[in-house]
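Residue numbering begins at 1 within each chain, and the chains themselves are lettered A, B, C and D in the order written.
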Amino acid sequence: MNVKWRLGMFFIAGACFLFFYLIAARNLPPWGHYPGPYGDVISSLAVYQRHATDVVNAIDYDYRGFDTLGEEFILFTSIIGVMLLLRDPKPRGGTAESDEGLSKTVKVSAGGLFGITLIFGLYICTHGQLTPGGGFQGGVIVATAFMLVYIAENLRRFKAIASHPLMEVLEALGAALYALVGVSALAVGLPFLTNWIPLGTTGDVFSSGTIAIISASVGLEVATGFILLSYTYLQDIVSGREE
Amino acid sequence: MKIAGSFLLLLIAVSGFMVVRTRDVTSQTLALSFYGLLLAVMFFFFQAPDVALSQIVVGAVALPLIIMLAIARMKHKEKSKGSEGGQ
Amino acid sequence: MLAFHLIPYAVAAWLFLCGLYGIVTSGHLVHTVISLVVLQTSTYVLLLAVGFRWGAVAPVFADISPGVVTVDPVVQALMLTDVVVEATVVALLLAMVVKVHEKAGTLSPDDLRMMRG
Amino acid sequence: MTTAPALPVAVPMLCAAFLAAVRKWLPRFFIDLVAVLAALFNLVLCLWLLHVSWSKSIVYWFGNWFPRGHMVVGIGFVIDPMGATLAVVAAFLTLLGLIYSSNSMESGKNHYQPLMLIFLAAMTGFCFTADLFNLFVFFELMSTAAFALCGLKTEEPSPLQGAFNFAVTNTVGAFFTLTGIGILYGATGALNMAQMGMLLGSRHDSLALTACLFIITGFLIKAAVFPFHFWLPDAHSVAPTPVCVLFSGLMVELGLFAILRVTSVIFGSSFAGAHDPLRSSFLVLGGTTAVWGGMMSFAEHHLKRVLAFSTISHSGLMLFAMGVGTPKAIAGWLIYVCGHAAVKSGLFFTAGILLHRLRTMSEPALFARGKGLKFTAVLWFLGGCGLAALPPFATSIGEDMVSQAKHGSLELACTAFFLVSGILTGGAVFRVFMRVFCGWGDRGPSDRAAQVDELPEMNEEHRTIPFRIFAPAAACVLAGIGLTFLPDLDSMLLDAAKRVLDRAGYIATVYAAPQNAGMAVGHHGLKIGTMIAHGIIAVACAWLLASWAVFHRSIPRRLRWPSHMEGSMRWVRQLQSGQPADYVAWAMAGVAALGGALFLMK
């Protein structure tokens, strides 16, 4: 099909699409007047039932935790897929991108940032049930901290961390841990993913039972996943520098 | 509040279109990063701090980073192929 | 008044169309992928608009007392996971693009005609 | 019942994570073994769940979040016989696929097995879930695993391009679905399908129509219905054989299943009017797809593409059956899906044997080279008969039930479409049979797509056909025949179909309300004479068509027109351009057309 036809088709069909969308939206409740009930019911239940103050995370890791299990496995699958596609790291002696361009100041400040970012990421990971944050966000921040190692430390250390065989094990463990929390409920005779751990005091780091554990496992999965992801992309550029 | 919200949404509509219209992929990635940041602001504005946080770290940083890495890798391949061809 | 209530939905529909437009006119595979990201943001805008309430607060009860009117936490939960997950799906798509580039040496769909016919 | 329903999803996921962790250290044999055992476990468990669900649909609330009053707070599974049957098919096909690939198939450093298990978990969850967003999550998980599996062969550029087209088109479809879900959530404020259906009630306004349109668009893309189908041949011709089996055997049909579930539970009462625009559109789309896919199937010369287009054709037939929409038609749909899964998988496995032995998938290149492969030839021939719905293949029962579902002109149209599709797809398979296994006629025309040469997927010596490669193909063909002889098949099918269409029953199940148990199911009187007659006509015509193409040189010039179909569909084939941009544009046109039909007939 040539471009003209394709564009013509796009504009006609796009106009229809816009029309369908807008006349449907006309029948939605007016903007800014969410009528409920789902969100309101959970908002009113979550703090009492789960001792979690961040309702969004209570939904993600508990009420609709099964969705998140699926989403986490989408992430896991994508990372396997990337590693599968970009496998075959035959060491080749290409010219590697030079890091001489980075000034010493950048390196030092990046090194200093590493610690701060890491702690911040871990904080976000572990306080998901209380304040905005949680495993997904914290995990990415932790991974970013390791990317700073790449900037600061001449790549070699980043490679040593990211290509360590334990990395993949940790990633799989992150994925498995979520499912294992679910299965552990089966072991005590409750349905999958039911909380059976004491809930603790609302507002405490160790409160909210399984939510905190699941959030941590998601954090592990996301952090290791993103590190593996960036390493897989960098692999070629990195391996040129081996000799 | 209502006017600011609508303005933000319109800004997003315009910048979304700009991202798509940018044909050079490197500048497009930068545009995407900016666009992601704008979305994060919108999430904050509309009372979604959780999503905003994940949008900042993913949409504005991690995702453009991954795209940049992919582009860098392809450029690297081209370069090394070129040097191999020259030898 | 009606026009005002349609604003977020119109923006969502517009972003969806922008993404489709990008894909349909794309001459570069990475551009296709980025257009897909824009397309996806349309669903964020829609979900956010659907669960929003004027004057309500975020559903975090750390600093507010229970019983205060909040915006819908459910849509936010749905979006939150989506944001992270789509990043990795995009990474998967890009991995395909990288590999295509490696094997075929081009990224323009017009030059990639293996699957024709 | 506090454990079993969660396990078919949880166990493959856990095994996948375990295998991904140990893949570098453990030998290939062990990894294959764990994967096969996990699939076997799923098969047994799903069979048991199917057995239990006959008497009463199983309801399972994750996290013990059972509904509070009318509000469903958590995610639930509702396992009814139809969902359980499809889950059994998923486990069966995955098991065979894993057996086929064990030991020797290129596995991308053992990344392949975990991906297959995740694919299985996603399909199973997709069959069971009662939550609309959860359905979407499993849809995405299934797609992601499928994209990754498509990229297993990274040696040539074409597979990657096929995988890329597949991924872009399906992701766009997923966002259509998500948009529909968002609109529907805005209107109802719920995500459980039963609750959404209840809250939506008989509302038949623009919102319900658009939401329905967008939701089913994603599933129609997955189901490869014309004009949403363009990605499918590209994906199939590049995926490894066991993955093709899962794609054609079940993934495509699951798209249709989701449409069935969504339209009956959520929109069942909204579209309940006497004049149902949705069903009429399904009839038109299904009929077009059946004929289009059949013609394209006959015009292709790459074995996997021939089979891929025949899947499109059969998917059209299934959609047609959904358009007929009576319990009998849906019962026919179910057995047709199962029978088709068995037959088509058998054919794909047989194609895999050819690839293993003869190292190509191109029909001209294979010419007369399959003469020595007697058993393989028999399987291929039987597969062709199965596609043409010859009794005793289970597909013939499906055809009979769907055709008898409604009297009048629809019955005639139904028979006609089944015959045309059977003749065209069966004819294509027979043509390959004559050329490759018998060496009749000449090489025949070739085309660019046929030259997309696949590297052999097996790493081992290819002089013989090991048992584990041959067995899955044989098992599939046997299963296609064996299904027919299940006792009480017709009443079981009718029961499953009635319960899928029974919206009130589904809602009652979710809310644990007392159900009116023991619905009068009744029997379906098979018209065995008609079945055999139809089967024989289809096979004979298909054989005739195939020989027309193969021996076109010895036929008078004036009578050569059917053979032209084989080579002269250039114009139509150019639509299959290999560009995601075109495919997305076509999908948009499809949305516009379908939406226009829905709104105009409103």
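Just so we're on the same page, a residue touches a chain if its C-beta (ideal position, glycine included) is under 8 Å from a C-beta of that chain, and two chains touch if they have at least 3 such contacts.
As the structure is a prediction and not an experimental result, all values here were calculated from the model.
With every chain reduced to the mean of its CA atoms, the largest distance from chain D is reached by B. Per-chain Cα centroids separate chain C from chain D by 28 Å. Distance between chain centres (mean CA atoms), chain B to chain C: 11 Å.
Our note on geometry: chain B versus chain D, Cα centroid distance of 37 Å, whole angstroms.
Rounded to whole angstrom units, the spacing between the C-alpha centres of chain A and chain C is 16.
Across the assembly, chain D contributes 133, 140, 144, 147-148, 151, 154, 160, 179, 183, 185-186, 191, 574, 577, 579, 581, 585, 588 as residues in contact with two or more other chains. Annotation for chain B: residues touching 2 or more other chains are 2, 49-51, 54, 58, 62, 66, 70, 73, 77. Residue numbers of chain A whose C-beta contacts span two or more other chains: 6, 10, 14, 17, 21, 25-26, 28, 32, 34, 36, 38-39, 42, 54, 56-57, 64, 67, 71, 74, 78, 81, 85, 132, 134, 136-137, 140, 229, 233. Two chains count as a pair here when they touch; such pairs are A-B, A-C, A-D, B-C, C-D.
In the complex of the two chains, the chain C residues touching chain B come out as 4, 7-8, 11, 14-15, 18-19, 21-22, 27-28, 30-31, 33-35, 37-38, 41, 44-45, 48, 52, 54-58, 60, 70-71, 76-77, 79-80, 83-84, 87, 90-91, 94-95, 97-98, 101-102, 105, 107. Against chain D, in their complex, chain C makes its touches with residues 12, 16, 19-20, 23-26, 29, 32-33, 36, 39-40, 42-43, 46-47, 49-51, 74-75, 78, 85, 89, 92-93, 95-97, 99-100, 103-104, 109-110, 112-117. Those residues of chain B lying in contact with chain A across their complex are 2, 49-54, 57-58, 61-62, 65-66, 69-70, 72-73, 76-77, 79-80, 83. Interface of chain D with chain A (complex): residues 2-3, 6-7, 10, 13-14, 16-18, 20-24, 60-65, 68, 71, 73-75, 108-109, 111-112, 114-115, 118, 121-122, 125, 131, 133-134, 137-138, 140-141, 144-145, 147-148, 151-152, 154, 160, 179, 183, 185-187, 189-191, 205-207, 209-211, 213-214, 574-575, 577, 579, 581-582, 585-586, 588-589, 591-592, 595-596, 599.
The touching residues of chain D, when paired with chain C in their complex, are 133, 140, 144, 147-148, 151, 154-158, 160-165, 167-168, 171-172, 175, 178-179, 182-183, 185-186, 191, 234, 237, 447-449, 452, 573-574, 576-581, 584-585, 588.
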